[in-house]
Amino acid sequence: MRLHEYEGAAIFEKFGIPVPRRGVVRTVEGALRIADEIGFPVVLKSQVLVGGRGLAGGIKTAESSDELEKSADDLLNMEIKGLPVKELMISERVKIAKELYMGITIDGYSGKPVAVVSTEGGVLIEETAKHSPEKIASVKIDPKLGFYPYQAQKLLRQLGLAPKPLTACSDILVRLYKVFEKYEAIIVEINPLVILENGGLMAVDAVLEIDDSALFRLKKSLSLPTDNRLGNSLENKGKEIGVTYVDLDGDIGLISSGAGLGMASMDIIGNKLNPANFLETGGGITADLLYKCMELILMKDLKAIFINIYGGINPIHEGAKGIVKYIKDHHLTLPIVAKALGNHQEETWEILRSGGVHVVTQAATETAVDKLIDLLK
Amino acid sequence: MRLHEYEGAAIFEKFGIPVPRRGVVRTVEGALRIADEIGFPVVLKSQVLVGGRGLAGGIKTAESSDELEKSADDLLNMEIKGLPVKELMISERVKIAKELYMGITIDGYSGKPVAVVSTEGGVLIEETAKHSPEKIASVKIDPKLGFYPYQAQKLLRQLGLAPKPLTACSDILVRLYKVFEKYEAIIVEINPLVILENGGLMAVDAVLEIDDSALFRLKKSLSLPTDNRLGNSLENKGKEIGVTYVDLDGDIGLISSGAGLGMASMDIIGNKLNPANFLETGGGITADLLYKCMELILMKDLKAIFINIYGGINPIHEGAKGIVKYIKDHHLTLPIVAKALGNHQEETWEILRSGGVHVVTQAATETAVDKLIDLLK
Amino acid sequence: MSILLNDDTRVIVQGITGKIGSVQTKWMLEYGTKIVGGVTPGKGGQTVEGLPVFNYVDDAVKETGANASVFFVPAIFVLDAFLETVDAGIDLIVIVPEHIPVHDAMKMRDYAKDKGTLALGPTTPGILSPGKGKMGIMPASLFAPGRVGVISRSGTLSYEFAGILSEKNIGQSTVVGMGADPVVLCNLPEILEMFENDADTDAVIIVGEVGGEQEEKAADFIAHNMKKPIASYIAGRFSPQGKKMGHAGAIVRGSAGTYDGKIEAFKKAGVTVLESPVHVNAWAEKHHLR
Amino acid sequence: MSILLNDDTRVIVQGITGKIGSVQTKWMLEYGTKIVGGVTPGKGGQTVEGLPVFNYVDDAVKETGANASVFFVPAIFVLDAFLETVDAGIDLIVIVPEHIPVHDAMKMRDYAKDKGTLALGPTTPGILSPGKGKMGIMPASLFAPGRVGVISRSGTLSYEFAGILSEKNIGQSTVVGMGADPVVLCNLPEILEMFENDADTDAVIIVGEVGGEQEEKAADFIAHNMKKPIASYIAGRFSPQGKKMGHAGAIVRGSAGTYDGKIEAFKKAGVTVLESPVHVNAWAEKHHLR
């Protein structure tokens, strides 16, 4: 679960990381009130959960009430990558001497947290990583021991910072690690971490993405809404029923069990057909779950449905029952191709066929895709 | 710093350990109000920071308002081991099926936390340890890894508890470890942990002693007063000026640098003289500190003063200056013997002699004690 | 011989009394796996499929001589049960459940490495050695005995590959699910090494996917340590970008994690790259695999 | 030879720019200790007593070849500085400061053990080898070179014993302060073993005190491993009860920690028990120590 910038900033502040004075508003009037409190100039930042909002025009500055009124109105009527801007963070505009970067994420291969710092903060940090790797330093962390100032300093020394900002940065990085640990983050990031003209430091952005699987034990300390945080309402609905749903532009509904099989299906479909979505059930297929999956993908206009499932955890004929029930309940007539293998597969095929589904009994997904293309001719 | 039972219970409760309904009062009226809220019968517990208050009559029960009124009045006019009872905790009286014990402390030799459990909770737990060691089980904890339910269960299995209370106990013990860790405790203890008649568990006492050296970083999360928590006002004063002061019954003032040297001085004085106190300066003797030490020990009526100090961290003549300044400021005439060795010792002796102090220049404390006895003849 | 599972493997099922645990136990037994008991806290003394259930893993080990365990434990209890299992001296642990918190997975991985315990998952379908046994949820009907090793990051894609091979009568020595999570308890090169050293495996198929750097590290390992023919398939070439790990992830990994980066690494290491799972047949034919 | 300190010991002083650190550096130098530099974060580039000051321990090690460090670092920074020092490869660390949180001390002890670093303290006066050098705050005037080893839990009592011995011209090989805290970084038997193996030490004095179980464990070690004559003094026979560790502490330790328990353990192990420090003279005479 990715937090909004203002939610992340509040947590950073609680952990002693300096953040700008700020307020969150949903109206132009609100924006004016906050700006009056903190004083001009201010920055207006759209609170949407996608990257690259700066480049998309979602961040503006205002020197005066007039300017603020106009900018706030513009932003609140804007969409960024399909997401309407509903909230703005109004924050003080600080005097920037230099922009740094710091972040902590998980290095999957070693299974350890990794801290990353750079003297080149800002929107182009990934470019820096590619073209000036010497401006980036990173270190793996032993989570059993934690992360101490001396380790943070050792990392930051590689960047050639002066002693004073170095010590202040290491203090912030250690606090950032505490946020990472406490909130079971997948990533925490300050980009940019600003060295102010007066020599102080300030975290001018706050990225905090929490491991969804850990939410069960974090809800109490978070006290934030955890539902409906994805930009797309269908994707939120997917999360609700416990599947991964990614919305796409095409007209073929796609249900798969397992992300790998889903991706392989997409690869094999390639450019021959256009999927309307990517729905991955995860383990534990049941009649009820597949019924809901059908419901979900059919919230869009589909030309056909492609089902590619294996039964591992549960016998697969249970899932088949859900599909067929949905077909019968809704008198569905559009072409459906299903490749379904695993425990109880013969029974499964029989059930699917009883609902008019075109069943493929070979393992290769190609065969099923070919069948679908045939049907759509 | 040892917390009052009610302070400990509030922390235990925050960490999910079941504790009785309760309230803290300073008056009989307050006691009646709380008892009305939680319902009779209730238990009245004196909140004093000494052990053995139960055996000293500091805990009573009341079935009715009349009984409560009388008992509360008795307790609030009582002293336990010299400490006046100022606060009472009024708590629900629970129906006890069995009393267990659990505690976590630090095993100094291995440098690890150690969890201790017993099926024989109650006031006589130390006797149980001596005479029925098989009813006690303990395990060392690796603080890097933490303490998990399976480890708590493995420990508790040694006591032969039934599965249900075992699981519930292990849950409480794991929570108790979190308290221990979070509050940098020297000891946390639930004695007794009660198995109720209805099968539930309840922590009927709460012991929590925090490492004084860690208070600097705990003050924020504790939000409790940290001063004046010792029973004796002189001992509190000692803590204020940064020395260890233990009040005794005699008439010889004793100042030593280092607990070991202080204890050795007491041993050598033995039964020949009666110390009025035990004041141990710790490292870092300064003129100001020794001036304050003189002030502190002279809050009692003394017949003589015995000073036994070595200069390690600081040159010792600084301390001598403080002693002599106090003598001169207060025209002190009672006999003072000082053994003072270490850096700048010759200078020190000169200064002390200028204040009329009898200086001993040999290392053996015996010589100085003999000198003092001589003077008092 | 096969890898991981052999005649001396004595398996306990943790979470055996649950709905999934009990059904899967039945299926593992039907497949010939030597299951010797199960563990569910508080259910000690019961039996499932005729097997004794214990409250604690150490009891199960003591009573049954178990040396391997497969987990059907609810995600929120997995960390505690895992540490208990490692401490009980079990040599091989298969963590089937999904949605294990990744900070727990880091602790589990670290603990297992420290104690020298081999563990697979989380979110793995497990291990299956055709005709010998299986630990996990792989549907037996798709597998056939033979001499090709399969190692897959994706559960269902391991079934797809086994199914495609079996239809052409190309059998498998062992099929291993690594686990689909960002942090897994055993990395790809460790499994590859076992296949390289296994006398009953002639060739290996790696089923990877975009994200992470298992494939890149494996390519490096293969270039220096492996002689057997290897084919690989990477899922996700045309997939919508999955979970974005933010800048820090991208910076740490550089080009690692992308489809092109993985393909390039494999090609450099001399690994045959399959554009689609079904192409595995041509590769198998070329190498005369059976 | 002496123990711990020898001709190859190259010492840095951490917290060298502080008031205490700089004075003690002067005194250690005056005593002939090979001090090669100091560390104070943010003060790199300065000099103290002509010695270079560094910001970081690894820089100091690189530039000076230091292999030992003595701490005059404020208590709240000690844990961080200690881990840094262990990581920098220093072999011997002496932690003079008092009031180190005991939960920090547990972490320090664990880390040092893991990495094989020898450390003394916290709350130790340090180590002094008469005529050779000292790391810490022991006042030099009280010590004389000779062949008696002294190991003490109490700082000032180590001075008392050295003073009493020196007045009678009985010198010391090395005087070691273990540290007075409940958790110390090096336990008594480890130091005793060094003295037993030291060709320049003929006999050892243990200065203990009530509380904890260092003496009991030492007695056990002595009974099985030591041949040199040993005398011991335990402070606290008539002392007011100190900090009470509560039931749990008492239960864990049983009779350990009491004066009588310690005395009994030492007597059983053949250790001479001194009722008062000054009695050490008679013992030394009996064993012809010098």
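For clarity, chains are labelled A, B, C and D in written order, and residue numbers in each chain start from 1.
Following the convention adopted for this analysis, a contact is a pair of C-beta atoms (placed from the backbone, for glycine too) under 8 Å apart; a residue touches a chain by one contact, two chains touch by 3 or more.
What you see is a predicted model, and the numbers here were worked out from it, not measured in a lab.
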item: Subunit D and subunit C - chains in contact with each; value: A, B
item: Contact-richer chain pair (by C-beta pairs counted) among A-D and B-D; value: B-D
item: Of all other chains, the one whose Cα centre sits farthest from subunit B; value: C
item: Inter-chain centre distance, subunit A versus subunit B - centres from mean C-alpha coordinates, in Å; value: 52
item: Subunit A-subunit D separation of Cα centroids, rounded to whole Å; value: 55
item: Subunit A and subunit C: spacing of chain centres that average the CA atoms, whole Å; value: 27
item: Residue list for subunit D, restricted to those that touch at least two other chains; value: none
item: Residues of subunit A engaged with two or more neighbouring chains; value: 144-145
item: Graph class of chain-chain contacts, one of line, ring, star, complete, other; value: other
item: Inter-chain touch pairs (all); value: A-B, A-C, A-D, B-C, B-D
item: Residues of subunit A defined as touching subunit C within the complex; value: 51, 101, 103-109, 111-114, 116, 118, 125-126, 129-130, 133, 136, 138, 142-144, 181, 184, 186-187, 189, 191, 207, 209, 211-214, 216-217, 246, 248, 256-264, 266-271, 278, 282-284, 309-316, 341-343, 345, 362-366
item: Complex contact set, residues of subunit B against subunit A; value: 144-145
item: Subunit B partner contacts - residues on subunit D that touch it in the complex; value: 20, 23-24, 27, 75-76, 96, 98-107, 109-110, 123, 125, 137-142, 152-157, 159-160, 162-164, 166-167, 180, 182-185, 187, 207, 209-210, 212-214, 217, 233, 235-240, 242, 244-252, 254, 276-278
item: In the complex, subunit A residues that touch subunit D; value: 145, 148-151, 153-154, 157, 163-164, 167
item: Complex interface listing, subunit C residues touching subunit B; value: 41-42, 44, 55-56, 58, 79-81, 83-84, 87, 111
